[in-house]
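The two complexes that follow have chain A in common; it is paired with chain B in the first and with chain C in the second.
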Partner chain A sequence: MSSQKKRNFQIEAFKHRVVVDPKYAEKTWKILEHAIHEIYHRNASGLSFEELYRNAYNMVLHKFGEKLYSGLVSTMTFHLKEIAASVEASQGPLFLEELNRKWTEQNKALQMIRDILMYMDRTFIPSTHKTPVHELGLNLWRDNIVHSTNIQTRLIDTLLEIVQRERNGEVVDRGLMRNVVKMLIDLGPSVYQQDFEKPFLDVSSIFYRGESQQFIECFDCGEYLKKAEKRLIEETERVSHYLDAQSEVKITNVVEKEMIESQMTRLVHMENSGLVSMIVDDKYDDLGRIYNLFRRVPNGLSVIRDVITGHIRETGKQLVTDPERVKDPVEFVQGLLHEKAKHDKIVILAFHSDKTFQNALNSSFEYFINLNPRSPEFISLFVDDKLRKGLKGVSEEEVETVLDKVMMLFRYLQEKDVFEKYYKQHLAKRLLSGRSVSEDAERSLILKLKTECGYQFTSKLEGMFTDMKTSQDTMRGFYEAMGRTLANGPMLSVHILTTGSWPTQSTTTCNLPSEILTVCDKFKTYYLGTHNGRRLTWQTNMGSADIKATFSGGQKHELNVSTYQMCVLMLFNNADRLGYKEIEQAVEIPTVELKRCLQSLACAKGKNVLRKEPMSKDVSEDDSFFFNESFSSKLYKVKIGTVVAQKESEPEKQETRQRVEEDRKPQIEAAIVRIMKARRVLDHNNIVAEVTKQLQSRFLANPVVIKKRIESLIEREFLERDREDRKLYRYLA
Partner chain B sequence: MAIQKDRVRFNVGGKIFETTATTLAIAGRESYFAAMFDENWDLQTNPAGEYFIDRNPDCFSILLDLLRTGELYIPPNVPEKLLYREALFYGLTDHIRSAKWGQFDGNRLHPLKSVTGRAPGDGTAIRASPDGGCCVAHGSMVHIYDWMLEEHPPINLDYQRVNDAGWVGSGDPTGLVISTCERLGRGQGGMGLFNSTTGELRYKFNVTHENVVKSYTAGALCFNDGCNLFSSCKGRSNEYGIGVWDQNTGQQVDFFYEPHGWSLGDADKLQWLNGSNCLLVATLFPRKDNCYISLLDFRSKSMVWSWSDMWSPANSDDRRVRDAIAMEENSSICVVNEFEDLGFMDLRRESGSVRWSSRSRLMKGKMPDEPCYPKLALHEGQLFSSMNDCISVFCGSDWVLTSRLRRSFGGSICDFSIGGDRLFALHSEENVFDIWETPPPSIV
Partner chain C sequence: MRRGSSKKGSANSTTSTNSSAMDLFRSASGKAATKELERIDQLFHSYSNESSGMIDPEGIEYLCSDLEVEHTDVRILMLAWKMQAEKQGYFTLEEWRKGLKALHADTIIKLKKALPELENEVRRPSNYVDFYSYAFRYCLTEEKQKSIDIESICELLELVLGSHFPKQVDLFIQYLKTQVDYKVINMDQWMGFYRFCNEISFPDFNNYDEELAWPLILDNFVDWVKSKHS
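The block that comes next holds the complex of A and B.
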C-alpha cells in the first residue's frame, strides 16, 4: 500500500448503509425459478430442499417477498399454459384422462412449491393480504385450464355426455368422473356450480321433460310411476358415486318437477289405470308409490287428496241414495262400514296413515252420510239389530269393535239429536220387550255416547235403565205385599216409566179385560200408596201379554201377543164371531192400531188364530172375525207379531221429524239467550254463526229456524232490536 | 444391534444433532420438517449421512428439546427474540406459545412482565389480541405489541382522540379497528380498519344517512361471530345510536337509532350475546347522569330488555353502576359500583331491580388519590373486576372471590383485557401495562 493513498482518506459516516448485492435477489430467484421448472418437469430429485427453503426465507427476510410472489405467479402461469396446450391436444376419450393426469401432477407440484415457500406463506402473505400459495395454485389452474376457451366447453360437454351415456344404460368410468368432478369441487364451490352443476341440471331437465312425454304416451299410470321411481333412485346413486352431495336435492328436484309435477294431473286421471281405478282395485303398492312420489312435489298430495275425496263422495252418494240399499237399513249401514274399512286400509297401507288423508276421508264420509236424512235412523236401527240378535254368542271384544264402528259413523252425523230420538225409541222397545241381548253391550254403547256428546245427551237413556231396575224392585214388592190374594189371577208385570225419559206417545187408552183391570187397579193402589204425589198412566200400546189358548182337538198353545191383541182375543172367550164394529166398541183401541192388530191376528200366515170374512189382506170396517179353531202350529209357544214396519212409515217419519224440530226450538232459544247474555249486543249474522257453532255437536241449526226463534224471543221481550241499526239485537235483562 | 430405522442426523450450522422422525413429526404439517420429509422430496443426505441446515445450532437444540419434551427451557445466554426468530423459520411458533403459557385460568395467573410505554397522559384502553399480543390506546396514538411483546410501529390517528380499539378476530390476525372522536370542522373521525403490522389504513367505516355520508364520533366497539362490527355513534345530524357494519367489506348494514329519553350513542360498553342474538348496550355514570342498560334485537329492531337507574329511588347515590356485563349462562347482568360491590339483574324479568351482593366493602374509606372506576370482564365462567390497583377474580355460581391480582407499581388500573390466554392490565399513572399468564401444566 502506498502512503500516498493512505493520506487521501475520506471521512465517512460511522454507520454504513448495508447494501445487499444488487444481484442478490435476481440470483436467488433464478435458483427458485429453476427449482419450480424442475418440479413441473418431475425432475426434482436433484433439488436441495434446505437450500430452496433457505433462499425463499432469505428473499422474504430481505424484503423481496413481492418479487418472490410475482415470480411464482408468472412461473406457474407459464407451466399451466403448457399443460393447457397438452390437454387441448389430447384426442377424444383421452381428453378427460389427460386432464385428470395433469391435475394429479399439478397437485403434487403445488404441494412441493408450497413446501419451499412455506415461510412466505406464514409471514409475507398474511401481512400483505395476498392469496396463500396453495389457493393461488388452484386459482391459476382454474383460470388457465378449466376456464380456458378451448377446454371449458369441451370439458362440460364431455362430462354431460358421459352422464347421458350412463342414463342410457352404458357402463362408464365412474372413477375418472369422480376425480374430474372432485377437481371442480376442489377449485371452489362456485366453479363446480357454474361449470358443471348448472349445465348438468339444465340438460337433465330437458332430458327428463322429453322422457316423461314419451313415457306418458306409452305406459299406464302404474308403469310410469315405476319408471319415475327408478330414475330417481338412479340419480341419487349417481350423486353418491361421483357428484357433490349437495347436488342430490337439486337433481332429484329436476326429476320430480319434470317427471312428476308436470304430468301429475294426467297421471292421476289416466283412464283405467289412474288413481280411481287403483282405489277400486285396492292396489296398495301402486297407491303407496304414487303417494311417495307425489309427496315430493308441491301440491302433489293435495292433488291425490282431491281426487280421492271426489271419488269417495261420488261413490258414497250413490251408496246412500241407492233405492235398493235404502230398503234394508242393516245392509245400508253394513255398506257404509265396508266402504270405511276399505278406505281406512288404503290410508294405512299406502298413505302411511297420513293425517291429512284421514281427515279428507272423514270429511268425505261426513259429507255423504248426511246426504240421506234417514242415516241417523238407519244407524240406530243397525245398532238395534245388532243388540237384538246380531251379537249373540259373540265375544266381548268383538262387541266392542262393532260398537266402535257404529260410534265412528255416529261421529259423522250432523243431526245427532235425530239419532238420539230414534235410539231412544229403539232402546225403549228393546227394554220393554226384553229383547236386548246384553245389558253390558247396551251400557257400553251409552258410555261411548256419553264420552262423545256429554252427560246431557245420555241422561235420559240412562234414566231408562234406572226405570227398568226400579220396576223390577217394585214388582217384587207388589207381589210380596199382595201375597196369596193374586194367586189365581193373571200375572202382571209393570214397567214404571218416568215421563220424559221415554219416548212418549199420545196416551191411547183402551178397555182392558176385566180380569186384567182388577190386577191393574190393585197395583195402582199399591204403587200410589207407596209413592206420594205420583200419577200413573197405562201405556197399553207398549205392553205385551202371554195367553193360553185351547184349539180344536184340545191342542194348547201359549200365544205371545201385544196388549191390544190380548184385549181383542179375550173378547173371543165369550163369542165365536164378532164384527169389526163390535170389537172396536168393546176395546176402544184407536182405529189404525186396531186394524193393524186385527190384521196380524187374522191375516198372517201360520199365525192366524182368528179368521176373517171376507178373506182379504186388508181389514175393513164391515169385516167379521171368527175364532179359528183349526189353528195349528208345530210350536207350543207362538209369537204373534204386530204388523209393523221395522222402518218408520212415511207419516211416522214426518211425526218424528216434527218432534225433533220441536225439541230443537228450546235448545236454539237457550243458546241464543246464553250468547246474548254474555255479549249483550250482537248483530244477526254473528248470532247465527255462534248458535250454529254451539249446537254443532248435536245438530246443524237451520238459519231460518234461528231467525224465527230470535223473533219469538223478541216477542217475549228477551231481546230487542237496536233502534238505529235494525240488524243489531240487544239483550234485555 | 440394528440401526433404528427412523434415526435422523442433522448438521445444523456445523453441530451434529441426532433425533428421530417420530420426534420431528410432532412439529406438524405446517413445519419445515414435515415439508422436508414429504415423500415428494427425494431427500439426499451429505456423504456423512447428515441433513445440513444453515441455522443457529444453539436455538435448534432448544427447539429440538421442545419437540422432544413439550417443554420450553431457554438458557440465559440465548435471547428470547433470537429463539422466536428461529422458531418462525421452522414454523414452530405455535409450539413455543403453547409451551410458554397454558390455557387461561384466572386463579393460576402469574405476572409475566410489565411494559413501560412512552406515551404521555392516561391510557384510554388496552385490548388483547387473539394471538397473545395487545394494543394500547393513548390519546391519539395506538401502540401495538405482538405476542413476543415486541412493539410494532404505532398507529397515529392524526390528533383525533381514540375512544376504543378492537381486534377483528382470528380470521384476520392483523386487523385492528380503531374508533375515534370526530374533529369539529374537519369532517374526520369515526372508525377505520388498520393493519397492525404495517399500520396502514385499509378502509373506513362510514355512517350514511339517506345516502349521505355523515361524520361522527365512534365510541365503544364490539364484534360478533357473524362478521359484524357494532359501535356506538354520535353523528353530526343526530345520528345517535348503534351502527352495524360488515367487517369484511366495511359496508354499513344497519343502524339502531337511539329512542327518545334513552341513551345508545354515548354507550361505554357493547357486548354481543351469542345465545340470544342480542347486543348489550350500557351507558354509565359519569358519562351520563344516569345509567342506561339495554338489550337490542336487530332482527326485530326492538329493545328487548332495558334497565335504568333513573327509575330508582334518589337515595341510591352510593350505588352508581360503573360497569355492566351480561352473563348469558346465568341469564343475568352483573354490574359493579365504585366501591366494587357486585350487583345482579335477572335478564328474564323486565326492569327488575339490582340485587347487590353482600360482599364486604373492603375499599370503603381508603380510596387512593386518583381512583379508577371499576371494570368487569367475563372469561369462561370466571368474572374479573378491576378496582384501583388490583383485579379480583370471582368463580362459581355464587361468584365467590377466589383470587386477587396486584402489582405494586403503576397506580390504579384504568383498563384491562383478556385474550390469547393472557390478561393485560393498563395502569393509569406510570403508563405501564402488566401481562399475566397461566403457566403451562406441569409435565410430571
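The block that comes next holds the complex of A and C.
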C-alpha cells in the first residue's frame, strides 16, 4: 500500500443499534410510576430496588429522561394533593399531628425515590439544569402542602397559638413543635423566616408590649425586672427546644425592646422601688438584675449611670451642707467614708466593678466634696483625730487602711493647698504637744502625700520632724554642758523650730515668771553660742508647762497647762486674789488670749484651779480671781492646756483663707512666666487653660485671678500685649 | 531744625536765570526762616522764667490768657503734644521751637490761628492714638511713676475723650468714682479703655467677651453697668 492516500481513521463509538420500542419508554415508566405509588402507600417492601434502578437507568440512557422527570413531578404532585386533603380534613390538635406524620412519611418516600432515580439525579438533571430529586420533593411539598391555601394560614396560626399557650404557662408538645418547625427549616431559610419567624416576631412584639404595659401597672420595679428576666430565660429556652438558633437573638431583642427599653425611664424612676430606693436600701440582687438587663439595650447603662450620678450628687450635697454634720469635723469625714464604702460595695457586687460606674462615682464625689469649702480643713482634722487618739493600739495594717482611705478623700479635693496649710498647723500642734499616737503612722502618711503630690508638698513637713529630732539632741547637749547650774531651777525642754518649715505664727507679748526667764536666757545663750548668726524668738503661745500645786488639805496635783496659763498661775504664788486688770498688767498677754486663758482656768468644770467672781461664764475686765483652795480631782495629773487642734472659728477661717489666696498669687505668676517663657507668644484663653492645667494638682485657679496676675506682670514689664492682635501676649526677656 | 541754609561755595557757572531766582528765593526764604526762628525765640523768652530758662506753669498761664484759651483746655495739651513736651507744666526752648515751627506760628496771633488746625490734625485717627497715650504719659510727674490716681484720670478722660465718646466716658467716670478695687490706673488699662470705646457696641456691650484679653477693670466695668440696668 505504498501510494495510498492517507485515510483518517475514525473510531466511532460503538452504537448499540438497539431498536427502541416506542412503547418501551411508556412501559418502563409505568413500572416506575407504579413503584412510586406503592412507596407512597407504604408498600415498598414488595419492590425490587435493583430492578427499579435499572429501569430508571435505561430510561435516562435511551434519552427518555425528560419523560421520567415530568412523570415524577406529576406523580408526586398527585400524591401530595391527596396528602393535603387529608391534612386539611384533620380537626383541632390532630391537624399538626397529621401534618407531622405525613411529613415523616414523605421524607422516607422521597429518600427511596431518590435512590431509585439516582442515575437521573446524577446525569440528566445536572446537564439539563433541572432541580434535583430531593430538592424537587421539598419544593413540591412546600407548594402543595405548606403553601396550600387551606393549610398555610392554619399551620402558622396553630404554631403561634401553641407558643402563646406555652407562654401562658401550659405544657405543650415540644417534640411535635420541633418536628414541624424543622420541616419549615428544611424547606428553605426563606420559608422558615417568611412563613414562620416573621409573624412569630410580630405576634411576640404585640404580646410583650401588652404584657409590659400590664406589668408596669401592677408590679414594682424589682418584681417587674424579675418577670422580664424570667421571660428572657423562657424565650431562650424555647428557641433551644424547638426553634431555629438564629431566632434566639431576634426574639430576645423583641423582649428586650418591649419589656425593658420601652419602660426604662419609668422603671428607674418608680417611687419607692426604683433605682434610687434600691441604692438607698443596698438591694444588691435587684441592682445586679437591673444592670444585667439594662446592659442589653442601647443606652440602658447610661440611664442607670445618670440616675445614680444625680442621686449621689444630691445626697452628697446634702451631706456636706447639713449644719448638724458640719459641727463635728470627724463625724463629717466619717460620713463621707461611709458613703464611699457603701457605693463601692454596690459597684463591686452589683455592677461587676464596671469601670464607667467607678468613674461616675469618683466624679460625683469630687463634685460634692468640693461644694463645702471647709472639706480640706475637716479632712485634716479627721486625720489629726486619728493620729492623736483614734489609732491608739491599732494594728499596723489597720493604720494603713485608715490612711489609705484618707488619701482617697484627699485625691478628690480641688484645693489641695488649703489642706496642706491646715495639715501643717495640726501636725505642728501634734508634734509640739507630743500627742502623736505613732511616729511611724505620721511618717507613713507623709510618704503617701509625697507619692501623690511630689517632693515639694512634703519637704517642709519633713523639716518639722527633723527639727523635733534636732531639738532633742540640742537639749541633751544643753543639760550636759550646763547641768550643774540648772540643778535648782525648773526643768526646761525647748523645741527649736526653723521658720519657714512651721506654720507662721505672729509673736505675742508675754511676761514670763522670773524663774522661767532665767533658765530660758541661759538656754538662749548656750544655743547662740553654738549657732552663731541665728535669731531665736520665744513662741509663748505654743508652749506648755507642768506645775506642781498644793491645795487645802495638803492635796498635791500636777497641772499640765499652757505657757500663758502658767504665767497667770505663778502670779498666785504671791497673792491670793488678783483682779483682771492686775493680771493683765503683770503678764501682758493680748486680751483675747488672756480672756480665753482665764476662762479655761476658772470656768471649766473639773479644771477650775482658780475661782472667779462673779461666777459668770464670760470673763470681763472687772472680774476678780482667787486661787481655788478647794479644788479637787480624782487624778493626780490634771490637763488644763488648750493646745489641741480644733475647728477654726469664723475669723480664723477667714484669715487662713486669705493667706491661702496670697500664697496662690506667686504660684500663678510663676506658672504664667514659665508658660510664656516657653511659648513666647500666646493668646489669653490658652494662657488661662495652661495655667489652670499646671496648677490643677494643687488648686483650681480662678480665671479672674489669673487675669489680674497677667496685668500685674504687664505692669512690671514681664509681659506685654501684642501691638496688632490684642488677644496675644508676648514674653519680654 | 533750620530749614535749608544758604548754599556756600561756588555756584555752577552755567546756572540759568531760573536758578538765580531760586537762589534769590532760597536766600530770601533762608532769611525769612532765620527771622521766623528769631521771632519764635523771642516769643519764648517773653514767657519763660529767667532763672530756669523754661516756660513754667506761671508762664503757661500767661500764654493761655494771651491765646484766650483756658489753661485746662485740651488744646494746650495738644500743643504740648505737638511739642512732644516731656514735663507737665513746662516747655523747654527746644520743645517750643519744635512745636511752633511745625505750626508755622511765630506770633501769638498766628499761634492762635493755628489751634483749630492743630485740633483737626490731632483728631485724625492715625494721630489720635498717639495723642491719647501721650496724654497719659504727660501726667506721670514722678520719676518711675507708672500709674495715675483715679481723680486725675477722671479729669484726663473727660478732657481727652469727653467729646469723642461722651456717654462711655461719663459712665466709666461714674464707675471709677464708685468702685473701691482700683486706686490707680496704669497705661495698659488707659489704652484698653480707648480700644474699648472704639470696638465695643454701646450701650449694650453685645460684642464684649470677658474671656478675651480685656483688662480686668473693664470686665468689672461691664458687669457694673449691666447690674445697674437690671
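Just so it is clear, the second predicted complex is superposed on the first by the 560 of 733 C-alpha atoms of A that agree within 3 Å, B and C clash if a C-alpha of one lies under 4 Å from a C-alpha of the other, contacts with A are read in each partner's own complex, and residues count from 1 in each chain.
One rule holds for everything that comes next: contacts are C-beta pairs under 8 Å (C-beta built on N, C-alpha and C of every residue); 3 or more make two chains touch, one makes a residue touch a chain.
What you see is a predicted model; the values in this text were computed from it and never measured.
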(request) Please indicate which partner A:108 is in contact with in the superposed arrangement: first for chain B, second for chain C, both, or neither. (result) first
(request) Considering only the touch criterion stated at the top, classify A:684 as touching first (chain B), second (chain C), both, or neither. (result) second
(request) Please determine whether it is chain B or chain C that touches the greater number of chain A residues. (result) B
(request) For A:727, select first, second, both or neither according to whether it touches chain B, chain C, the two together, or no partner. (result) second
(message) Is A:44 touching anything from chain B or chain C once the two structures are fitted on A? First, second, both or neither.
(response) first
(request) Based on the superposed arrangement, let me know which partner A:53 touches: chain B (first), chain C (second), both, or neither? (result) first
(message) Contact-wise, after the overlay, does A:707 reach chain B, chain C, both or neither (first, second, both, neither)?
(response) second
(message) Contact-wise, after the overlay, does A:440 reach chain B, chain C, both or neither (first, second, both, neither)?
(response) neither
(message) Is A:715 touching anything from chain B or chain C once the two structures are fitted on A? First, second, both or neither.
(response) second
(request) State which residues of chain A lie in both footprints, the one left by chain B and the one left by chain C. (result) none
(message) If we count contacts the way the header does, which residues on chain B are in touch with chain A in the complex?
(response) 30, 32, 35-36, 38, 40-44, 51-54, 88-89, 91, 173-174, 195, 197-198
(request) Can you check the complex and tell me which residues of chain C touch chain A? (result) 146-147, 186, 188-189, 195, 211-213, 215-216, 219
(message) Quick check on the complex: what are the chain A residues that touch chain B?
(response) 44-45, 47-50, 53-54, 57, 108, 111-112, 114-116, 118-119, 122-123, 126-127, 129
(request) Over in the complex, which chain A residues touch chain C? Could you list them? (result) 683-685, 688, 703-704, 707-708, 710-711, 714-715, 721, 726-729
